[in-house]
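Okay, so chain A shows up in both of these, paired with chain B first and chain C after.
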Partner chain A sequence: MFQRKKFSVILVVMVLIGSTLLAACSSDKKGEPSASVSSPSNSATPGESASPSPSADKPKEKVTLDFWAHWGSTTRRPIIEKIVSDFNASQDRIFVKYSFQPFGEGWTKELAAIAAGNPPDVIIQDIFTVGQRAEKKQAVNLSEFLSKDPSVKDRFFEQLWDTVLYNNEPYALPFNTDTRFLYYNKKAFAEVGLDPNSPPTTWAELETFAKKLDKKNGKRYDRIGYHANNAGGWDLWVQNSDGKLLIDREGPHYNSDAKVEALKWVKGWDDRLGKKEMDAFKATFGSKQNDPFVIGKLAMTVQTGTFFAQIKDFMNPDDIGFAPVPEMKPGSGNWTFGGGFTLEIPYGAKHPEESWEFMKYMTDIAAQKYWGQYLFDNIANKEAANDPDLSANPVYKFATENMKWTLISPVPNNAPDYKNIANPFIEKALLGQEDPKSALDKAQAGVENLMKTTK
Partner chain B sequence: MSLRQSPSAGRRKTRLSLERKEALQGYMFVLPWILGFIVFTSGPLLFSLYVSFTNYDFTSRMDFIGLRNYEHMFDEDPLFWLSLKNTAFYVVLMVPLTTIASVFLATLLNQKIPGMRIFRTVYYLPAVLSGVGVYMLWMQLLSPDSGLVNVVLSWFGIEGPGWLFDANWTKPAIVFMKMWSVGGGMLMYLAALQNVPEQLYEAAELDGAGVFRRFRHITLPMITPVIFFEVVTTLIGGFQIFQEGYVMSADPTTPGSPMNSLLFYNLHMYLKAFQVFQMGYASAMAWFLFAIVLVITLLNMWISKFWVHYEGGDGR
Partner chain C sequence: MNSALDWKTGSYYQNRRLQQRIKKAVLFIVLSAVGLTFVIPFWWMISTSLKSMDEIMQYPPSFLPGHWRFHNYVETWTSIDFTRFTLNTLMVACISVTAHVISNSFVAYGFAKIRFPGRNILFSIVLSTMIIPGFVTLIPQYIMFAKIHWVGTYLPLTVPGFFGNAFQIFLLRQFYLGIPNELIEAAKIDGANHFYIWRKIMIPLSLPAIIMVAISTFTASWNDFVGPVIYLTNESHYTLQIALQSFKVSSGLNQWHYLMAGSVIALTPIVVMFFLFQKYFIQGMNISAGTKG
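Our next item is the complex of A and B:
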């Protein structure tokens, strides 16, 4: 009897513990779901407004928005937090709380939050896959809001606005972007007798200049002039050749004649400089302080505008020249490509009206200008990008002008993982294990098949 | 009190309640686990089984499509077979090598020489470290030009491969990395080795058996149960390899690169689930992997009858 009593006591205790745990879980869910994550530096008022008692004592109830982005570094976080607090100070209806989410992780979390019906209010998302989220009901259709503010759409560079459209309706607002162009070391140019003020304009020139700039010491290179795949990427040159992206809304465009030529040309750099040497060379890339361009081991490179901000402290800015990406042949165009991020309202968010207000602010001149000024990012707002304060910096001015050569397009909804299908063929071609023409044909067929079979 | 009144009946009753008590206590001990399983695991498990027959994408649809996902897997997705091949290659290479390495290491660390505790600690240490930090470290070590591995190889006149940049060497590179952290298995073997009765060695020595034969005919058979356990768990763990392919890829924008050589089964599944949002398809992949691992484990258990030696005598 005694034993059994003891047992039932234990059982009761366990059940109690179990139910308390469950209750704790469920009450957690009902309460404040995402508020625990962040620690906003703003000392503003209604941070804990989600408490059960409706704050009747406050004159006007402020709406608190949860804003997620992956900007957490010491350079980016202060800027985004400043913009958010400027917005909070600019009006008294909406309070935005910034939550830093590690890159990629925040998007997975968003997905779970949407599925659970409790997403953040605004999120920074990937610019290439807006359509996918539109189709999957992960992002809110903004047409209704846009019809009230039709001028908003004119703010943006056209190719950026195009990325946020799905079935001709917007599901996001572009926030920032990037563009790639040629950087060259003026000192190295002068050293080998090239004019520091006339960078290469065509592929042929790029190659001639690069050969002059190569500096070999025995078997190893002390400096290489340029290398197409390591200091730009095969994808850049292949897309530069005919000004058509490898993949856009319509589908893949891998195997045009120009692209086949371009891939052959890219491989030519390895053939001339040695594949093994260049692989070893590439492996030393990576850290900013050790960047081959910065330490003088690479005389020319193709990089984004932010690269300048990263290297200006390690190099004399007067030694850095910049120019559009050289064109395949005169007249073919200085094409380059870009990426970027958008602002979206996750599907099921509670305050879309207020979120739209905040997104408008984020893409308006003041916020955009601030972002561009301090981070050297290309911004989505055309007028802000051409602002005299920003244009005062020659690199920034140049990066903005380069937008006219910058290709950006959404990736088809049924092929977001096209790279895993296509890239191996091209890598094979670059290794000399496959003919460039047949590699690009296979890549094209592979991605077409992926689109056909992904439902 | 009733105990005293009729001793025989009382004894039976006590025994009964003792048995019951024991059983109940046993259930009590496993209860938290069972509760956890029912509340947190079995639900999602069954859900994913159902989802594997739908076109579920988290947010917009969940329609029953029968075996369509499985058809897609076998007929239309070239990366499915590739990722399965990659994973199988890795498992086949990794399991024997790490097993041999940890048995070998455990044997060495079972010698009675001064300072052995320090050696044991040193060899076990890498097993404590885990995750992305270790991968970063190895990406440095395996760097083709300046990495320590190739530098050391060059001292012997060997030109090291490109490791993580060469599709032929990526999987061996990861197996190599795994060999470094065999400490966990080693510890199990060490414990098993210490349990081998000393008198067996003494008897064998009297009969004139050398070091090798003693190892072959006494040590190995005596530790086969642990080897069996380790092989089964390492194998299951091996099939689940994911992070290495995700983190250590040559091109960070294409997980599994170069040339999809690190596109392991679980990585492919993850990309299908969270990049393409084909959660139904990914669930189907997960269940297929479960089937593979189940079959291999059953096979293992059957084969174990022929090589695993249990001292208990009752064949268990």
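Our next item is the complex of A and C:
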């Protein structure tokens, strides 16, 4: 009896060890297509209609590229898999294997992989920090490839192309971007006697409209017309004021007169509506499980184009209007800012030429159009963004047009942590513990000092 | 009236019983309130997992799902290869448990019951590894595993377990110190070697501590995110914790219903295990609490 028990234990241990070894042997050197993902219905986004065709079989002589990105949801994954699948079908020498990596952690993993000399072939990376990776030799210089295909750079919006340059040489290709603009609730406008087809165009109008749209029940707000910091962010408005980013290649631009005025104006919203009430309002929606604009608690908001996916699913899109971010004063400009992702070849990748081919495909019209069509994401390719099929959607068309007001710039390599230096001063100003001018002067000096000391 | 009379004329014992009842009632209320605060987030997770996205977006949020969508679980299970990811996680966790239990109890036995020169210094060195944060060793360890071609396999997640864990060695050593040396000496007189003593005497006597080690290893391995993210490259090798991330999006709205359904599924084995081994778990906590002084 005892012997049988002993034998069973040994058997279990052997099986476990055996399965580890088997798993070890089945490491991903074969380059098989990744685990298949079906697309269950998801009311949150429009991607459900996309059904990827089965990936093409991989003949042995093909070069396999390992492509990492953070798109794993049931809405985005089918789209990226379809694009990859189409590329594979068009190829007789390259096979791309898509691997989902959790957002953010995938980039840590890439760093470790570069250090160990076994990085992926292509990766989706943050658009703001291309220069930092170029300087640290974490991304491959694409000049050599671009010299063979010089027209590739003309595909992109100018400000996006600028983000991928380090010492005037490209280290990535822009893939997608975003732009922020004003969404407003037409029904709420009509309810308080505002013209639903005349959104606010200046800060003064925004404030006047917001006051009319506020709905208070005793001490609590049933609806807030607008709140500058909670529904856009102080950074949006200070950058909107003078059309200059807080930081760009030239350095920090924190303390212009317009930015000081802007920060005072942002703080003014708390002063009027009550800091305590606004903090409580923010805390209610802090989990991001639901959005105050979508549930009718906020009449105007500033969001990216992809926000329209939520509107489409949870609201009547006809009730919603959109407009450029109001300008500080007539003629100052409807400035806004954007972000996005790029395609890069990590340093030490084994097949840069094939990777370049794939990157060209990913940024070409067909792939870009497909991505934009289903996800309402602003795409980097100008021609694809202006495609008549995409422009048929008024929000998409508007978001593309809004790119002319969209500021994007890489963060200087010697100020990667500029926010940690500057933001505490701004927070103090917003809490009323510091004068806005003094806070912005300190932020400017702090970031300048950071750049000097990190040089 | 009668009860009022009882109050005045009641015996010492009756008053004492009443006092005890009040104490118990207060304790019960306090404990229930504390228990409820722990249960509410868990209920919120289950409730969200059974709602549609429309209902999740509603304000004020509903405590109970208006329409119970059990189908969310089916969709979560089929939208990603959940069966495979669960089996992968289970395999890594089981191997880790086996590795940790064998290696740590073996090393702890050596530190507790075998006298050899430099034993205390060696034990201090083992303990000192506890102060090195895991993230500091992450990149060097990754490079080492990459050089021996282990990246992309389960080996970096399982093999280090066979080389001991400082805290668990410490925990088991403290437990072993409480076992009388006479038992070992008697076994030695009967001709038993150290391996035999460890296997036949120490392990059966230290079962609560061993189960504590097994449970904590299983939980840590089951919930591990960074290790699998860094070392696994093929998606078919991924564990549950990575798979759950696929329901989160970098911009826009998370797929909360799937994310919560997936989290409930991932949490279930841990909860079941807790109820099955509750007795040992509490005993183990007493051991670890006792070792702190």
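We take it that the second predicted complex is superposed on the first by the 390 of 455 C-alpha atoms of A that agree within 3 Å, B and C clash if a C-alpha of one lies under 4 Å from a C-alpha of the other, contacts with A are read in each partner's own complex, and residues count from 1 in each chain.
By definition in this document, a contact is a pair of C-beta atoms (placed from the backbone, for glycine too) under 8 Å apart; a residue touches a chain by one contact, two chains touch by 3 or more.
Keep in mind the model is a prediction, meaning the values are calculated, not measured.
Once the two complexes are overlaid on the shared chain, A:I295 sits against chain C while remaining clear of chain B. Applying the stated contact rule after C-alpha superposition, one finds that A:F314 touches chain C and leaves chain B untouched. A simple residue count on chain A separates chain B from chain C, and the partner touching more is C. In the overlay built on the shared chain, the residue A:K62 is in contact with neither chain B nor chain C. Of the two partner chains, chain B is the only one that A:I421 touches; chain C does not reach it.
When the shared chain is aligned, chain C comes close enough to touch A:D178, but chain B does not. In the superposed pair of complexes, A:T108 makes contact with chain B and with chain C alike.
When the two structures are aligned on the shared chain, A:F281 is found in touch with chain B, with no touch to chain C. Shared interface residues of chain A (contacting chain B in one complex, chain C in the other): 108, 111-112, 115. Note for the complex: chain A touches chain C at residues 13, 16-17, 19-20, 23-25, 27-29, 32, 34-45, 66, 70, 72-77, 99-103, 105-106, 108-109, 111-113, 115-118, 178, 288-292, 294-295, 297, 304, 306-307, 309-310, 313-314.
Within the complex formed with chain B, the chain A residues making contact are 3-4, 7, 10-11, 14, 18, 22, 108, 111-112, 114-115, 132, 135-138, 276, 279-284, 347, 414, 416-417, 419-421, 423-424, 427-428, 446, 449, 453-455.
By the touch criterion stated above, chain C contacts chain A in their complex at residues 48, 52-54, 56-59, 61, 75, 78-81, 84, 91, 94-95, 98, 138-139, 142-143, 145-147, 149-155, 158, 225-226, 229-230, 233-238, 242, 245-256, 258. Of all residues in chain B, those touching chain A in their complex are 17, 21, 24, 28, 31-32, 35, 39, 55, 57-60, 72, 76-79, 143-147, 162, 165-167, 251, 253-260, 263, 271-272, 274-278.
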